[in-house]
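The two complexes that follow have chain A in common; it is paired with chain B in the first and with chain C in the second.
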Partner chain A sequence: MNYVITKNNKTLSFVLMGVGILSIVYGFATDSLRAWGSLLMSNFYVMAIALAGVFFLAVQYVAEVGWSVQIKRVLMAMGTYLPYAGGFLILIFAVGHHDLYFWTHHEYYDKASPEYDRLLDGKHAFLNMPFYIARLVLYAGIWSYFALMLRKESLKEDIVGGVINYKKSVKLSAIFLVLFAVSSSTSAWDILMSIDAHWFSTLFGWYIFAGMFVSGLTVIAMLVIYLKRSGYLPNVNDSHIHDLGKFMFAFSIFWTYLWFSQFMLIWYANLPEEVAYYAFRQDHFKAIFVLNFLINFFCPFLILMTRDSKRIKGLILFIGSIMLIGHWLDVYLIVMPGVVGEHAKIGITEIGTTCFFAGLFLYVFFNSLSKAPLVPKNHPMLGESLHHQI
Partner chain B sequence: MSKQIFAIFNDEDVLMKSIKPLRGTGVNIKNVFSPFPIHGLDTELGLARTRISICSFIYGLTGLSLAILMTWYMMISDWPMDIGGKPNFSYYKNIPAFVPVLFESTVLCAAHGMVITFYLRSKLLPGVTAFVPDVRMTDDRFVMQVELEDAATEAEVTAVLMKHGAEEVKEYGK
Partner chain C sequence: MYEASIREPLILGDKTTHDITEDICRPIEGKANKYWWWCFGVSVAALIWWVLCVSITVGQGIGVWGLNNVVDWGWDITNFVWWVGIGHAGTLISAVLLLFRQKWRLSINRAAEAMTIFAVICAASFLLTHTGRPWLDYTLFPLPNQFGSLWVNFNSPLVWDTFAVSTYFSVSLVFWYTGLIPDFAVVRDRAKTKGMKFWYGLLSFGWVGSAKNWQRFEEVSLVLAGMSTPLVLSVHTIVSMDFATSIVPGWHTTIFPPYFVAGAIFSGFAMVQTLLIITRKVLSLENYITTYHIDMMNRIIMITGSIVGIAYITEFFISWYSGVEYESYCFVNRATGYYWWAYWSMMTCNVISPQLFWFKKLRTNFTFTFILSIVVNIGMWFERFVIIVTSLHRAYLPSEWSTYHPTWVEVGIFIGSIGLFFTCFLLFARFFPVIAMSELKTIVKSSSSQAKREFKEEAHH
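Moving on to the complex of A and B:
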């Protein structure tokens, strides 16, 4: 059975994209710095969700998981957004790098200039234009390639049958996971940490990965529930939803763990070069700083704690929406204070720009979801998923 | 206490399939012992959900409260110390430093509390003889504990159990 795109899906994604384009235009007309920051953070936020889908898919293959077979096509459809996200990533940097990243300014590397910056010069071997652009292209290329290849193998499996394509997918996933382990960290340094180019944190890559994975899992759970409610995926039962809820719960705590580990060490050691990042955010964005921690930890922790709550679809949708807002604030707090400074606000520009990327994501997602059967036909572990019970 | 008899099964599939018809004929199944977890057995037996998670939550809260009290008393009230230029005169300003202690204490109390509760509930204490109807239940046999309404029906129930795949039916420890 294939997914059939409804009129509402199309209207929703086009309205979101339309609102987004208007907001981007409005942003550039009023305050271009905010518009660039919004573009960077929104693209990263939505890209992270798609990337988490592919990561989750690869984990399912490598761990030879049975229960998730029915939702694998959802993960694959999420992955097809990555080429677009990668394109935007490179485009936004290529055009907006001067506004977004101060390390791209030439005067910091000129010893004769009064602006000469010894710290940035020391990082020049890593943070320079050709190498940086090469890395961005590499990330976009690797992620998109594996996302599309895994989908291709699975679609071939539908026709050919047997386990050849499955074994190939396991191999592809294993290679992807190794590359992702490195690229998730380095891409976090490149895309987000280099906004505050003087600052550094060794935990940053993991912290970004945790945020990425938990927002991705939330979107997976919400999309599966949406499909289930629209009458698709008839064999997805409460146990599948329960498992997805467990993932959301566990990785919210994992995110908190990394968020706190990074924060506490810097807070305790109190070294000026490290503390600058948090001091600036606490001085000017205290409310968002506290809110970020509260809604990303306490809401999922207390609400998703019991077994019953993970099996109520409406509750997962509700807490999922809160968590998505929470992790949007998290990305906001990483990007905007660095790009815009103390005058960063949350307004039409920021929310609208995210709407654009969310609309595009939904459009690409539903489009590729409708092009293949919703459940893999010849997956060797399909039976286990159909009768999943915990 | 009414009389208990124990039916021994050789195969978990046979055991699983026998539960429904046995209950249909009025056999009162109290428990099943197995060398390994059998998927779907608790729902088939209609066992009530475990309440150990509620205990765990309460133990966790206890641990958290104790740790808050301990860190507050030691570090703020009794003997404030200047560590790393952070004078300990107020609790909330220093709370990040205490979070690891609060976390560990919560986990410690929740985990140990759960284990102790489980042992108490299953009557497994040092010096107590464990309830083992048949030693083979720790190796390769599955044991079904059946409670008899009255002793007169023993032969009848035994016959029904044997009919549904039981290898043998015996009394405790014999």
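Moving on to the complex of A and C:
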């Protein structure tokens, strides 16, 4: 059975994109710095969700997971958004780098200039235009390639049958995971940490990964529930939803663990070069700083604690929406104070820009979902997923 | 329960539930063979050596070690972290793999949990002796001031460590023992001598195997698994904070908590491999601890080894990227300075050698796995040595520069602690069921070799 795009799907994605474009225009007309910051953070936020989908897919193959076979096509459809996200990643940097990343200004590297910055000059071998752009292209290329290849293998499996394509997918996934293990960290340094180019934290890459994975898992669960409620995926039962709920619960705690580890160690040692990052955010963004922790830890922790709550679809949708807002705030707090400074706000520009990328994501997702059967029919572990009961 | 035919069987040799009981109880009911006595003799000799070296340390003071004013942590804390790390695999197998419904954990969880407990005992022995005056060790716990000491400093990660390690030990012990109760009852019911009947009767807490017994057993197991899962992360996180909360270059880095956890799981699984590859041979458990089990554990070793490798490289890179000269010096000094050989031993053993497990031939080879599991634990010992000693021996001022060499007493305590560990493990293997037989029986109908064959035959009809 294929997914059939409804009129509502189309309207929703077009309205989101329309609102987004208007907001971006409004942003550039009022405060271009905020507009650039919003573009960067929104594109990263949605890209991370799609990337987390591919990561989760690769993990399912490598770890020989059976229960999730029925939702693999959802993960694959999420991955087809990555070429678009990658394109925007490069485009936003290419046009907006002077506004987004202060290290791209030449005067910091000129010893004769009064602006000369010894620290930035020390990082020049890593933070320089050609190498940086090459890395962005590499990330976009690698992620998109594996996302599309995994989908291709699975679609072939539908026609060919047997385990050849499955084994190939396992291999592809293993290679992807190795590349992802490196690129998820380095891309976090590049895209996000280098906004505050003086600051550094060894944990940063893993912290970003944790947030990315939680947001991705939440979107996966919400999309699966949406499909189920629209009458698709007849054999997805409460046990599948329960498992997805467990993942949301567990990785929310994991995110909190890394948030706390990074914050506490920097707070405790109180070294000026490290603590400046948090001091600035606490001085000017106190409410969001506290909210970020409260929403992303306590909401999933308290609400998803019991077995029953993880099986109630409406509750997963509700807590999922809160978590998505929470992790949006997390990305906001990473990007905007560095790009815009202490006057960063949340308004039409920030929310609207995210709407644009969310709309595009949904459009690409539903489009890609409708082009292939919703369940991979020749997957060797399909039976386990159809008879999943916990 | 339905299982895809592509999955490999977890119990070979067409074992029935009765066969399982026979196979697991045989070592307990029979006499120990001469290999066991040889191993036990050597272990007890090392244990006696441990008692001697600890006595010298306690009798004469920490001065008998090679520590000095600059390098004031050496083999003691290296060994402590090494042993605590090894303990992690047991908890991961029994708690995290339970939550992930990994059936292959059933043949190995009992031995791995036992290993956890013995490893934590060894680790605690270093905590207690490194204070120099172990008779004052009660001051590690928050006792009222009237007791004669000051209230502990709750801001100190060393105090957190006291709580982390003791919580870890108690929960692991209770978890392990709970699982043992039904198996002890099996041994009790089969006992032929009065002595065995009495002792195993005592150990099994009057277990009768009623539905109510099992219901409570499952409830407790799930609650303990839920408590153990955060413990897998928290213990080594707090151990890492002993270092990372300081401002010592090479110690203060935010990646330490998760990276220490990954390293701990890495070394723990290596130790499980070392022990189980011997145990399966000596106790003839080849049908229960199969190539597939070894393969799975090697995959975890490969993954965690690679995570650790990424952390090493991240630290090195950020030390340069940060522009902090002390940090960059520290890392360059690790790789090229006085202790370069320790750094490169660590890199070779921990990062490069596990990559060999990408080859399925090597991953499923018992001899190779056995050798590599020891290599990994040598590497993980060097990791802690590198972190502790190389960071300390070059501090901010040249007057804080020194070198460190252990004395024979320190080396003796370390070797002796391995004796302590193996003595405990050998006694465990002799008197306790080394495989959780009651739990293992639950997968005979889905994952044994005969079940697989039946599934296949059904599919043909």
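The rule we apply is simple: the second predicted complex is superposed on the first by the 390 of 390 C-alpha atoms of A that agree within 3 Å, B and C clash if a C-alpha of one lies under 4 Å from a C-alpha of the other, contacts with A are read in each partner's own complex, and residues count from 1 in each chain.
Note that in this section contacts are C-beta pairs under 8 Å (C-beta built on N, C-alpha and C of every residue); 3 or more make two chains touch, one makes a residue touch a chain.
Worth saying up front: this structure is predicted, and the values here are computed from it rather than measured.
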Task: Superposed partners chain B and chain C on chain A - clash or fit - done: clash
TODO: Quick one: classify A:383 as touching chain B (first), chain C (second), both or neither.
DONE: second
TODO: Go through the superposed model and pick first if A:43 touches only chain B, second if only chain C, both, or neither.
DONE: neither
TODO: Have a look at where A:13 lands relative to chain B and chain C in the superposition and call it first, second, both or neither.
DONE: neither
- [ ] Please indicate which partner A:181 is in contact with in the superposed arrangement: first for chain B, second for chain C, both, or neither.
- [x] second
Open item on the list: In the overlaid three-chain picture, which partner chain does A:68 touch, first (chain B) or second (chain C), both, or neither?
Closed with: neither
TODO: Based on the superposed arrangement, let me know which partner A:268 touches: chain B (first), chain C (second), both, or neither?
DONE: both
TODO: Mind checking 206-214, 350-358 or 422-430? I need the stretch of chain C that runs into chain B in the superposition.
DONE: 206-214
Task: Residues of chain A that lie at the interface with chain B and also at the interface with chain C - done: 264, 268-269, 389
- [ ] Can you check the complex and tell me which residues of chain A touch chain C?
- [x] 64, 66, 118-119, 122-123, 126, 163, 166, 178, 181-182, 185, 189, 200-206, 246, 253, 257-258, 261-262, 264-266, 268-269, 271, 273, 380-384, 387, 389-390
TODO: Would you tell me which residues of chain A are touching chain B in their complex?
DONE: 260, 263-264, 267-270, 305-307, 389
- [ ] Could you please specify the touching residues of chain B with respect to chain A in the complex?
- [x] 39-40, 43, 49, 53, 57, 84-86, 96-97, 99-100
- [ ] Under the touch definition given earlier, write down the residues of chain C that touch chain A in their complex.
- [x] 1-7, 99, 101, 230, 233, 237, 241, 244-247, 252-258, 306-307, 310-311, 314-315, 318, 321-324
